[in-house]
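Take a look at the structures below.
One chain, subunit A, appears in both complexes that follow, with subunit B as partner in the first and subunit C in the second.
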Partner chain A sequence: MIGAPSGTAPTGDAWIEIENVTREFAVRGAGRGAGARSIAAVQDVSLRVARGDSIALVGTSGSGKSTLARLIAGLDRPTAGRVRYAGRVVDPAARDWQSGRHRMQMIFQDPAAALNPRHRAGAILAEVSEFGRGGDGRHASAEDIDAMLARVGLSPADREKFPHEFSGGQKQRLSLARALAAEPDTLLADEPLSALDVSVQAQILALLHDLRQERSLTLVFVTHDLAVVPHIAERLAVMAGGRIVEEGPVDRIFADPSHDATRRLLAAARRGSTGGPKTGIL
Partner chain B sequence: MTFARGGESVRPVDGISLALQERECLVLLGESGSGKSLTALSTLRLEPRNATLSGTIRYEPRALDLLSAEPATIRSVRGSGIAMIFQEPMTALNPVLRCGEQIAEGIRLHASAGTRDANARTLALLEEVGMDDPARVAGQYPHELSGGMRQRVLTALALAGDPKLLIADEPTTALDVSTEQRILDLLLRLRDARGLAILMITHDWGVAAAMADRVSVLYAGQVVETGSAGDVLREPKHPYTRALHGAVPRLDRHAAAPVPIPGQVPEPGAFPSGCRFHPRCARAITACAEREPALLAGGTRTVRCDVENGVTS
Partner chain C sequence: MTTRPPAMTGAGRAVRFAIMLVAIAILASGRSRLAPWAGTSPDRWIATIFACLLPLLVAIEMRVQPFSRFSFLRETARTPMARGGIGALLGLYAIAILAPVLAPYAPEAQDLANKSFLAPGPDHWFGTDKFGRDLWSRVLYGSRISLSIGFVSVALSVSIGTFVGLLAGYYRGAVDIALMRFADLLLAFPRLILLLALIALFQPSIYMLVAVLGLTGWMGTARIIRSETLSLREREFVLAAQGFGFGTRRILARHILPNVMAPIVVAATLGVGNTILLEAALSFLGLGVQPPAPSWGNLVRDGQDVLIQAWWVATLPGLAIVLTVLAFNLVGDGLRDAMDPRSRQDPRSRPGSPIR
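Let's turn to the complex of A and B:
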């Protein structure tokens, strides 16, 4: 296992198991005459997440964290290695993966990406909740929909609204309600706070926290901001250059970071979360 | 700033007063809908076409009021008096021109420099914004550069007219935390070296803490608190500034979780009566819904809150 200290990996059954996963992308060389080559956005990554755990994937842009999240969700296929989820190999092409994939839901930085702009909020939730019940074809009742809206702090009046009628924070709530409508056991959140105002970020963070208490949701939380990590995750995996360079309990890594990339992220986050005086001027 | 919208007038910027000194960085701290970007654009008279401005925008180096000045005068202030950099440098740079050509064009526009002079100054500017290999960058197109490099090129372009005031509208929001730090360091260095005044627009408490000499906190089109960075960011007085501070996640594992501010930022046109923050405010009393609080000075700080200021009818 590259970089990940093996002693810190959970020893129980892994709910999500990533084994030596690599994802290469072909790139056309910039400029004159350079031939095609490939870069590895994710390189030989192994990681185990136990059921009910919350792990943060942290790194700068280009570190591979979003690509890894997409591989876990089965939105993309690894070039090498494999991802298992609930004991099955994640493969977008495999029939038996398709049948159970709604148990793993994803929310994104731009909540609108997951919301059909021509459907009202109620219709969006009703459609997804059918999967949650195993596609029984029964329509969710108005009460069901209202309960889904209430769970994320939206009101029954929001049922008839189109996505564009919601503010950014409300849209993220709706996209979370949409994900929860499928009754997932696992939630992948890719920078869900980045596009939101600070006051609204804290609302979504609190909501995710409560949801984890209510149901034993396994959470993979992708972020560039270490400051939110202690408030959402118990475990932390730091990515740099497509690899996991450090992995373990949040407490330990915050107290004693072992990799430079982690130290740099910590320093940046420390500056961001203090209301202190100006940092030194060059 | 007033917009006419369906027979009603909407005022997203409502009575904002700011003053900047030479070699000073004033940070406008606010969330979306606070009016911070519209305020910045107005300073350059780049307000939306359908907006009406009232008040004054004094540019002291030339004793001008930009609100009543002729269009030609305003144009002459843009770039050589006041310049601006944006969140997404790609939208401000010409994608089909090499970086060097764009900067040289800016130099020729503001000074009557010959081609050779302009090229030499271009390289000097690229060096000033921290490029290791100015000649190489000058020959590259914007898409060939990383986000941080692009922001440096845009900054060099903004400096082409030798401005006195640089307006920076969320210049690091699209950047990584480590790149962000380097761009902020660059801006502070330019402030010191050139005596540049900087009006920095941000929603980010950390950016404000890193940059500001003084801070003005905006909420729903108004300034709610102004003061030195040390005062406002360390001991915020306005309930909104305090709540914003409480909503910023702390890095410390044992720190309290960030506290959400209930409700939403109100939309322009739907600002609440009385104090605009009162529906979300933990300290609000009945009077807050009825009476619009004044921005009152206490020492070096001004706060727009009747409860904090001890104003009774």
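Let's turn to the complex of A and C:
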């Protein structure tokens, strides 16, 4: 229903289109009006992601990658510029965007915070299942929920559990299942691995990879760790100081990084992969 | 609500069902004359609501505290003080419901000629007042009035406070400023003066009293709930709910409200004690429950002129007030400690606690 409606078709082949987006935060205590200071977490960023593409957004902490992810998801509004998703301007006030926003699902860094602690796993999935199965508005049966749990490697018995009864990796699986229940076409993963053990990271990464193939999802994968990027993304955008400093195919950037920030991230990733625990990834 | 409630385990479902049955039975029989709590209570349906409140509270508690059945209560009852408070409250509750069974005399039965100002003794445990009415019976019946006014008006004020706090915390901005400055405005008035002014405008009655106490007591709750909501609205599970395009009402009801139940319960418990005290003060001033209905404040008032000749008339009902308020405060403190993760051995045992 959202698939590129006529008239508002995305320009070119861009599925997510970020046009000169800036997001400034007022500095606390800096006063108001003309003298107010602010920090630009994201500065004049433009980026296009084609449908079905998988792009990694990499940068050190404070580089603005998470802010950019939140802007794409419409959880925050840009100070300047705009974001388009599936041809619609991302705008919390716009009804047509609101009605289609569940097609873009976000996976959060801390799975413990991403699940309502008062709801059982089954209820968490049931609540969002109305968006699934072609949007027939019907609620999921127990079998549907078991199938959703099974797809992410959880068992039917987990339906009755509360989030705190799961391990970190299981919680992240559950939030993946919740995202998938909406039958999204786009997944926005904000550091989905950083709260997890290394061995679990590999499993979640593999699951994400399979799901992407299976459902031809467009994926935006935010991470600070370049080492995982080749396993999940074809394209790479490196952020530093609120700007995208380098962007292109993963292979090319890995072979020939042009920006200092990229080189530093690559060096860090390589240090991690020589005998370190990172070898465990995939 | 569009979603199924969380499924319960077999035992939990049975317990919950039984509690609901008891509540319904109380509700139904409260209207019949055979019920022990029907009796001569002046405001029968307030007593009925009150009688239903505890089973309902337990049922709600079981629904919002899923981590393990009654872990909440067990956690609260960790200190002897809180255990004493819980015991006292359960005893009071039983007394209030069973007052017509326990009371040896009718609370309004007079015997001016023979029984005026009898000292406490085997026939009249708490003595008698000027009109020869049995003070023990009056204190028992008074518990119904005092407790039900406390419960019902706190239910009202906590509901208003929760609603205001949720809106202010979730919308922030102009809504927040308008609501919270209004709350500040009300808080700036001394509550007792505000109550006196309001009551002076209307005819005092129990319903008036409940309404006025409820409408002037919501500001504290609103502040607590607002600050909880402010932090919860930034939590990822709320963002995730927004990511599905859910409406505000649904996010507030399903995702934020269940996570602020803990501070609501604490505020309500402490609020009941406070309200009982206020009601007693108002009745003492002659602006609360009107005689001859035996509210505890009235009983103390009856005794103030004869404190030297008949100390028991004011002292023993006063003691009932003290003990009741103390019990509520002890339980409230216990609840607050139970919900503060810093006082726990296992910080992971309550991951849902919004107080971090």
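The rule is short, and it goes like this: the second predicted complex is superposed on the first by the 250 of 282 C-alpha atoms of A that agree within 3 Å, B and C clash if a C-alpha of one lies under 4 Å from a C-alpha of the other, contacts with A are read in each partner's own complex, and residues count from 1 in each chain.
Assume a residue touches a chain if its C-beta (ideal position, glycine included) is under 8 Å from a C-beta of that chain, and two chains touch if they have at least 3 such contacts.
Since we're looking at a predicted model, the values are computed, not measured.
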For this session: Specify the outcome, clash or fit, for subunit B and subunit C once both structures are aligned onto subunit A.
Result: fit
Exercise. After lining up the shared chain so the two structures overlap, which partner does A:G168 touch, if you call subunit B first and subunit C second: first, second, both or neither?
Worked result: first
For this session: Would you check which partner chain A:R215 touches, where first means subunit B only, second means subunit C only, and both and neither mean what they say?
Result: neither
For this session: Name the contact category of A:A113: first (subunit B only), second (subunit C only), both, or neither.
Result: second
For this session: Please indicate which partner A:R37 is in contact with in the superposed arrangement: first for subunit B, second for subunit C, both, or neither.
Result: neither
Exercise. How far apart, in whole Å, are the nearest Cα atoms of subunit B and subunit C in the superposition?
Worked result: 9
Problem set entry | Complex interface listing, subunit C residues touching subunit A | 2-7, 9, 64, 66-67, 235-237, 239-245, 254-255, 258-259, 348, 351-352
Problem set entry | Residues of subunit A defined as touching subunit C within the complex | 73-75, 98-102, 104-106, 108-110, 112-120, 122-123, 126-128, 130-131, 139, 159-160, 162-164, 175, 178, 182
Seminar exercise, completed: Residue positions on subunit B within touch of subunit A in the complex are 31-32, 144, 176-178, 180-181, 185, 188-189, 192, 203-207, 209-212, 229-230, 233-234, 236, 243-245, 247-253, 255, 257-261, 264-265
Problem set entry | Interfacial residue positions of subunit A with respect to subunit B in the complex | 30-31, 60-61, 167-170, 197-203, 205-206, 209, 224-228, 230-231, 250-251, 254-255, 264-266, 268-279, 281-282
